[in-house]
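The chains carry the letters A, B, C and D, assigned in the order they are written, with residues numbered from 1 in each.
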């Protein structure tokens, strides 16, 4: 550990660093905006440190890192500057691949929550990083935020520590397929409305901003421009996996909710026989159509695979009716529907969300599906 | 083994025998028309024999039997009268549950193929059989005929011996759910057309006959009235599982076929970009709608679950478009779509069909689904 | 199926047939003396029949056959001549590999039990069979006789139908390692005494005869010379797997038994604190030493692997004390001890014996062990 | 998070804290001497912090903690005082169970390596902890130190970060059996000599000291008295699991080593035919006998189970010869030998050591074994 020097993220040449996740205008220090957002480098040398800065209020960010593809550490980050040793005393000439990433989803409920990577301290050299020729964007809710992937089955608090990118079908699928990937997900949100009937909690409304999940005009937004339009041209995915619908389905069984923004009360209704009110079902379908149009506009060539079912498949017909309406309307055939394996008593993690085994099952099925669909 | 006596099937009182599968007008000897069709009894005594008569031309029927729920034997039946010992020298006072059933699907290509149960020889007494309060009808193609469930991965002949009810998600699901069940399936057939574009090979065209898969006016038909209208009132299922679409999907990649019945040539077409010709896709959807209407007419209260995906899920959007059109048209909400786990390199049986492991995976997923959907 | 001709087993040239299991002096028709004993051929042609003759009293033999390595049929054989169709209507030019074998162990309790293979009827040609360069001899008790590998967990009768070579770690291990194999096993027997303290029921006492399990001077013995000395020179194994000890362990917990042959009563005793009486334990060890000496005398170069533990490992120290005493006494180091995975609640078959899953677990462990030990 | 107060470990009443692992004379701050050594509390309140102090030179300690039995975090500890937030903003009235423990084995090669627990900061109350009525001591080598349980299969450095108590059959078995447990293990050590023939690296030589793995007269020893005799009376295990032999086996294939302590060179020899030199084998057996005597002297009532085989079972006969000699010599029958499942290509972790799957397999087998053996 001699001659440690500090290198800013922005000083690392492009072929020597992979950055996962959507980028904002600020590059130095580099904000990690979503779960799965991270940096990957390959270095020689005996020791490696990462310098980061974090902030938060209620929902502290968690981070994790892998060495040569194996998870080594996962920890809570309280507000402050952190100098984290990623490894020590390793054989200096052997290149080591390190991926450091954010575990916690973009937090719509914590105005200060952020993770900034300033750079690395090392006594070796940067080497070329793996070149991922495939790109996948994952769009989802709590499932894609890895909620419940950590914690005991009996745990029911809604806390940052139970969410992850490390035990997550999105991360695992990208690794299995050797792909670069983006995650954009929010626990409790849907394609039309949230689990609690809150119509403001729909992913399409934030998709086109850099990180629309961050409150507009919050300090984080002001600093990084998270509410600015996202420049899709910079990163075009081969596949977009949309894992939405689980919360829309739940809303039918939840009480009405008052929306202070427009003074109205909202509720997805069930008929007396327990079936879904057709008008309300059509709201979801309309949202599906509109979201597919939005995705297509911004990602002209991506295959869009709506992948749903890890917490029940109640909305299969509703979602496919939307997708088919979109197909009929646009003649766009580059879209598909794929059902993911359901979570069962043996595969639940914390608070009735998918656990490790369920994420592994989803990964296996989705990997097989994308290999066939994309000819990968 | 003293005092063996022969008892005709028709002489066994109703509470002492379960008969699986659709019945025709002949009750003695009892024809087993489909795979999974069989008889179940519980008897005391040390020895038990079954007396059957079989016939066939190219496609000999296979049969199997279970003792106390465990598969004990499986064998080929050549034409003739057979007296088969099912067990010997068992502890005489203990009741033994025996299920004897047909392994081979109804054969549309073998006019003589039949399995008739004449009765049992025993030295004990008949006891009450299990009372199955749940009823499931499975409608399908080669997957539901268990094609490839026996045989080596490299085997490619199309032969009776590779098909089964014993290694079959339909049988396993019914057992897991403690349900009575019917199977109606045919390898190569679809909801609109067969794998080879033969439009005559669609299941709806035979659904309303007793066993429409048997050639009309064949000796078997003449003897048993297999082409007569089936009396659905006699056995109303709680759930109908429709596992069709796999052959309709394949037809797009097969050459045109000449239909001697109408002198026309048929072909499901692909567009130049590899997508499905919309006109042809709509033929499938129309067939889906019509089939659902037919199923509903004959089974007013059954939940209809279209369960598809064990050999790829290419037709997910096509099938659901049909199902949704049916929903919209009829306002019938008692229908659902559920994707079954795909067969992969690790789970294939013979000639690229689902093997044991794939049928087990499907059973697990389908059982979980029906438990939730039906409140079982 | 034209021009079917009959070919006696003895007329098939050596390179065109594999015969599994120990042979007696009679070659035509060929007696299958043990479970796993069988014939393997590769033939062209569309149809194949096997001609066999069987006899038995209480314990009827079962047989099974595989096509291209996949189990196709399993059935009970009552006394008589049987002409069994093994396949029909197959693609005639493709060579098919068929293995037909006895499921039932050599029966020490049924003087008439036998399976004789007379020959084959076929319309094709015999081809060269696989050349197995590895040879394994399996010596065991009910575990190696596949007892309970068929039947429901609740079944407790002691019957031929519950035993097998088809669901059996010995058969599976040999197949996995691509090896020729012999089985010599008897349910209830031990290395020193049987489960019920019967000292006559020890495998070493019958090992050196052709098939010492068959009653001396019984019709079968008289016909085939099963009690004649076995000529070990004809078939020298690379490995001998001895799976004995399970019944010796059980004897300590069973009541005394009277031996009519010598008028004495026998009992393996437990001390008051539940440990084994040292004198009785030493009887087992002495038997282990003597048996190893007998095995070595007859198989000078074979690696002898004592593989034990599928129904508990209580005798680990007793057996190894015997093996180590043998090592010390003879300086023979070509012997080892390997513990097989125990059977648990999830892996039991019928009457508390290993089921399919347990045989699969044992196969996996034993295959890995032999690969390492033998450099295979 | 109001009214946080600090409570020293030594101030927590006995019924409110479980301490895992051997204790030394110092209780405040509390040294965690071995991997698996840790503290377990149950607290109410919204927030919980732990205050620790660590030191090390080359081999930095790692720590991990669980909430309600689920692993939440794992991290490297560099020298210094650390205030670690274990949870924040939890539902205050619900009791939370937290276990914080050392991942890294006692380090014989790092004189400064230590982890001290000073106490907790909390805003809730301590509740009664689980009462473990069963006690297991695990004695082992790198396997029991969890070497390779973290890291990629290709990783070969020998570093602290690859070792753990979190992915470790000892921890998992104790949890599965609801038992208190101690670990005493050292990578590379054996019952007679280390993997490299170093005869100083034998576990018996350090077993009777508090933590004899720490260098005598090192600062840590001076501070905590790790080389003092351990008072076995304070914690008598029900079972002692000895997982030693793997390194003794390896030594036969390694070059001679010079021992600076006595100026002699040591080497376990192979005969020309590849078998073990009998004199050297007997050294191991003598060590086994002596170690069993030592264990028995200090633990009069414990069942001693020698559990070996996770990295090959080459020493089965050698170890059992030692155990049997001990049995014969002492008439002590409260000892057994149990073979653990081998690690295979599918279950390796880093640098050819057991990975998660192998530790899970060992846990399953060992749990089943101890349940039967101990009547648990």
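A few comments on the model shown:
Just so we're on the same page, contacts are C-beta pairs under 8 Å (C-beta built on N, C-alpha and C of every residue); 3 or more make two chains touch, one makes a residue touch a chain.
Please read all numbers here as calculations on a predicted model, not as lab measurements.
Taking the CA centroid of chain B as reference, the farthest chain centroid is that of D. A straight line joining the Cα centres of chain B and chain D is 57 Å long.
One inter-chain figure worth recording: chain A and chain D are separated by 38 Å, centre to centre, where each centre is the mean of the chain's CA atoms.
Separating the CA-averaged centres of chain C and chain D is a span of 43 Å.
Across the assembly, chain B contributes no residue in contact with two or more other chains.
Taken pairwise by the contact criterion, the protein chains form one closed cycle in which every chain touches exactly two others.
Against chain A, the residues of chain D that register as touching in their complex are 58, 60, 67-76, 78, 85, 87-91, 150-152, 154-155, 157, 159, 161, 350.
Chain A makes touch with chain B in their complex at residues 273, 275-276, 309, 312-313, 316-317, 320-321, 323-324, 327, 333, 335-339, 341-342, 344, 365, 368-369, 372.
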